[in-house]
Amino acid sequence: MTPFVADVLIPVGKIVAVILYPMVMVVVMIWLERRVVALMQLRLGPNRVGFQGLAQPVADAVKLFFKEDIRQRQADKLLFGISPVLVMASSLLAFCFLPLGEPIRIGTYTLTLWIAESPVGLLIVLGLSSISVFGVIFGGWAANSKYPLMGALRSVVQVLSYEIPLGLTVLTVAFAARSMDLVEIVRRQEASGVWYGFLMPVSFVVFWISAVAETNRAPFDLPEAESELVAGYHTEYSGMKFAYFYMAEYAHMVLVSSLVVILFFGGWLAPFPSVKALDFLDVVPGFVWYLVKLMFFLYLYVWIRATFPRYRFDSLIRLVWKWLIPLALVNLLVVVLVRYLL
Amino acid sequence: MSDGFEKAPFLLTKADLFITWAQKNSLWPFGSGLACCAIEMIATAAARYDIARFGMELFRASPRQADLFIVAGTVTNKMAPVLRRLWDQMPDPKWAMAMGNCAIGGGPFPTYSVLQGVDKIIPVDVYVAGCPPTPQGLIHGLMTLQEKIARSHPTKEILAPHARRPS
Amino acid sequence: MPEDQADRPELRELLAALAGRFAGAVLASVVDEGELSVRLSKDALASALRFLKEEAGFNALEDIAAFDNLGSAAEGGQRFTVVYRLGKFPGALRARVAVDVGEGESLASAVPLYRSADWAEREAFDMFGVRFEGHPDLRRIYMPDEFEGHPLRKDFPLAGRTGGA
Amino acid sequence: MELREYDLNMGPQHPSTHGVLRLKLAVDNEVVLGVEPVLGYLHRGMEKLWESLTYTQVVPLTDRLDYIAALSNNLGYCLAVEKLAGIEVPKRARYVRVVLAELQRLASHLAWLGFMANDIGAMSVLLYAFEAREDVLDLFEEYCGARLTIHGIRIGGAVRDLDTPLVSRIRAVLERIPKRLEDVRALLDENRIWKERTVGVGRIAAAAAIDYGLTGPGLRACGLAWDMRKDIPYSSYDDFAFDVPLGTNGDVYDRYLVRLEEICQSIRIVGQALDGLPGGEFTAKVPRVLKIAPGEVFHTIEAPKGVLGFTVRSNGTDKPERVKMKSPSFINLQALDHMCRGNLFSDVVGILGSLDIVLGEIDK
């Protein structure tokens, strides 16, 4: 393993992989969503473009690339341009910290399946995922028209108020695993033999609800409610800028789903780690298990979108301040007590 | 239209094919219906006729993200300036489809308040006759539009934007 | 259509009460096919409507239809006839109050009595030019505000003055 | 910096104004202070056009008024002309008309269900409702070739007879629709989010409803049993036993329940009409050129949206002198401002959906 390969080729390869990984996931997610929602609604969904419609997201992306990029006169040029980048970059950056699998040993060199491992990885990922709120605010404000502004204001209040239960539940996991390092959390789940999702079901449920609300999806998609706010905060965006918003939403969904998988369902661990009889499952590489669980949660996103009507704004806020936050606080208290009494 | 291929350099024709393939297969209609034809347009997007198969089921509510403006219904004189403004708000390349006899030529209403044909205010690419046209008729219109897009040369417009179509 | 409305006698004495109260103003009145139809003069309209609503119990104004009598046998010699269709719920009784109004004259608005008269009167004004005094917001309802002329008048061409652009 | 309300424009082009309706909203931080609908964006000058057409030529234009319930408009106009001209419609024709009108009510209520659910966010219900509606449209297409602007009821009767294969297919569809409705009711009726968006929203009291001239399911949701098919029966509706569903407190949720119940009642009526289909002619003999002596008539029917009335005045020629239409959606829309005050901006969409308005009928 010549130093050139170790110091240059592999990091570059990993960086390219980390940029390509969310892009591929976004393409798969766009196709999955349109097909699954269609099949749930008695229709077929895209199946003409490429094999079973797989090339549909590619066609959308290329078409959006060649669209004219309109920026009105009264728009605030700087913010209008920056906001899609902010939303997209924050999601992509967070992918560097997600451990996708067990480090692979090639000769003397161990190839770690993540870019960076930091003792406060969890904090960084949460911080980055809340930066995308700035993108939404700037985007809604810069368009300088009423509907995007209302969409942006709604999104700000929604995302900020849902970050509190998100943070609290993440704290319970950090307490259980005694560390903020994502890799450490997975290892700790492997050591303790039980996944935190089953150890602390309440924090998983609260985390999942606030995750769905955080990404403005399904019953909580008020900021971009087509039937009320025309197209929410990205009403005035066209062409590639809109493509950024469109893909960033899916990237954010994939990011939050992978967080759920890592924190509550043991990252790359094969299911039922404590049951010795099922050890043969370990032959399947960790990365595959990680993808299977991820796909399940992405499917759940789409399933929820197809069934639930949309919350009204005040009931949305009442739900978080009256139900989720108290529940998360009590849950944190219980976990801390149990942790230190045992 | 095929003569365009001989003169255009090889690379551009291949680029044309790829770009038109993408534009053809992801036509996002603009979710604005005027009258009876709008109900048939929604029925076409619904489960039985399902234009989602062609990737067209994303009815964008904002003109900024729409490619295809289906004028479905009667265009009155009061609605014409609004329609024209919506058309101008749509980013290029954009296509227009006059759905139903009212949009094509005033339909059964030769009256004081109806614009006798939407092509008086916006350039129309495909006319779909019928009052209202059946979903099969609309899908046939959409397919003709896809063929028209397949024959177009987007690279020529990108390289020489001043040669833009008189909109 | 069942001809014999059981409540005809009720309409009969209602008619008598109406004729008594507004002796001078009731020009013609008849009860046929379960409907009381009255032709009033312009100035008795407001009080007649109030009487029909409060005392006779016609609590719903279903429709206001305006007619242009230009050319046809104008009964009262006036240009326009405005017909108020009242309904009584429960009991499903019908009353027709017809009023003649000239070209420039105006009628008392029924909005203080029936909220549903608001847009119906605006439509009559927009289409015929009949003005209604006391209407909260008498503007055109269909045609753009800068449109001149009233389309449903008989002398207005079908294709419109500007040739239906 | 003092806070001031600003007006928001749900413009003539908006995903949930069911066509080209423009709402000027005075909004104070998402709380609606007042709604002022602006109409006329689909005013095609129908009534002016009708004055230059013969009585039979007007019928296809009435399809384009309430284009979701075309047959009801035909029925309303034809009944008014027949009453004016004194044409006697044979019993079988009346039964065929009842079957067609009630199937049209079915299709109209299913379209309403889809649009309202989609406005409140449950987009799958739009697809389920439209799939059920497609079955009914197939019946119309088989009956007379058209899906939406059906023009199936003519002056004097209907355009074609109900032959036995069509009757058996109608019965098959009537079995399928309740099952589809079960899916939708299971999805929405007790859904906490749905109830939160609809219960107590857009409430109107019974007295205010009458004062605003509200008719149809909107009025019945306030608990007032005013249904033209019962109060002033037409086209032999009094031969059929059906009940009028009523709500209690006149809010969006009650209008939703009343309309769903009306779908079941319509299925009952069509079943009874098909069972008792008498023999005889399906249309009366109407002279090719219909000249009607001078006179005036006002006739109302119970259209899916409310009480639809036609005033027809004749002058002895073959063309009507004036045909005035009393449109239920036009009158119902006036109550929107009263219903929306104090609610949130996103409720305006739900209330507008529950009113079930069609712009073709409002703007004429």
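Each chain gets a letter, A, B, C and D, in the order it is written, and its residues are counted from 1.
Here is the rule we go by: a contact is a pair of C-beta atoms (placed from the backbone, for glycine too) under 8 Å apart; a residue touches a chain by one contact, two chains touch by 3 or more.
Quantities reported herein were computed from a predicted structural model and do not represent experimental measurements.
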Topological distance between chain B and chain C, in contact steps: 1
Chain separated most widely from chain C, comparing mean CA positions: A
Distance from chain D to chain B - Cα centre to Cα centre, in angstrom: 31
Whole-Å gap between the CA centroids of chain A and chain B: 36
Averaged-CA centre spacing for the pair chain D and chain C, given as whole angstrom: 25
Centroid spacing, where centroids are CA-atom means, of chain A and chain C in whole angstrom: 64
Junction residues of chain B - those touching two or more other chains: 31, 46-47, 61, 78, 110-114
Contacts with two or more other chains, residues of chain A listed in rising order: 41-43, 226, 230
Of all residues in chain D, the ones touching two or more other chains: 14-15, 40, 43, 45, 48-49, 127, 131, 363
Touching pairs - complete list by chain label: A-B, A-D, B-C, B-D, C-D
Residues of chain B touching chain C in the complex: 77-78, 110-116, 120
Partner chain B, residues of chain D touching it in the complex: 11-15, 19-20, 40-46, 48-49, 60-61, 64, 67-68, 111, 126-127, 130-131, 133-134, 137, 147-149, 359-360, 363
Interfacial residue positions of chain D with respect to chain A in the complex: 6, 8-9, 14-16, 30, 117-124, 127-128, 131, 187-188, 191, 193-194, 196-197, 344-347, 349
Complex interface listing, chain A residues touching chain B: 34, 38, 41-49, 53, 55-56, 58-63, 66-70, 226, 230-231, 234-239, 242
Complex contacts: residues of chain B adjacent to chain A: 18-19, 21-23, 25-26, 31, 46-47, 50, 52-55, 57, 60-62, 64-65, 67, 89, 91-93, 154, 158
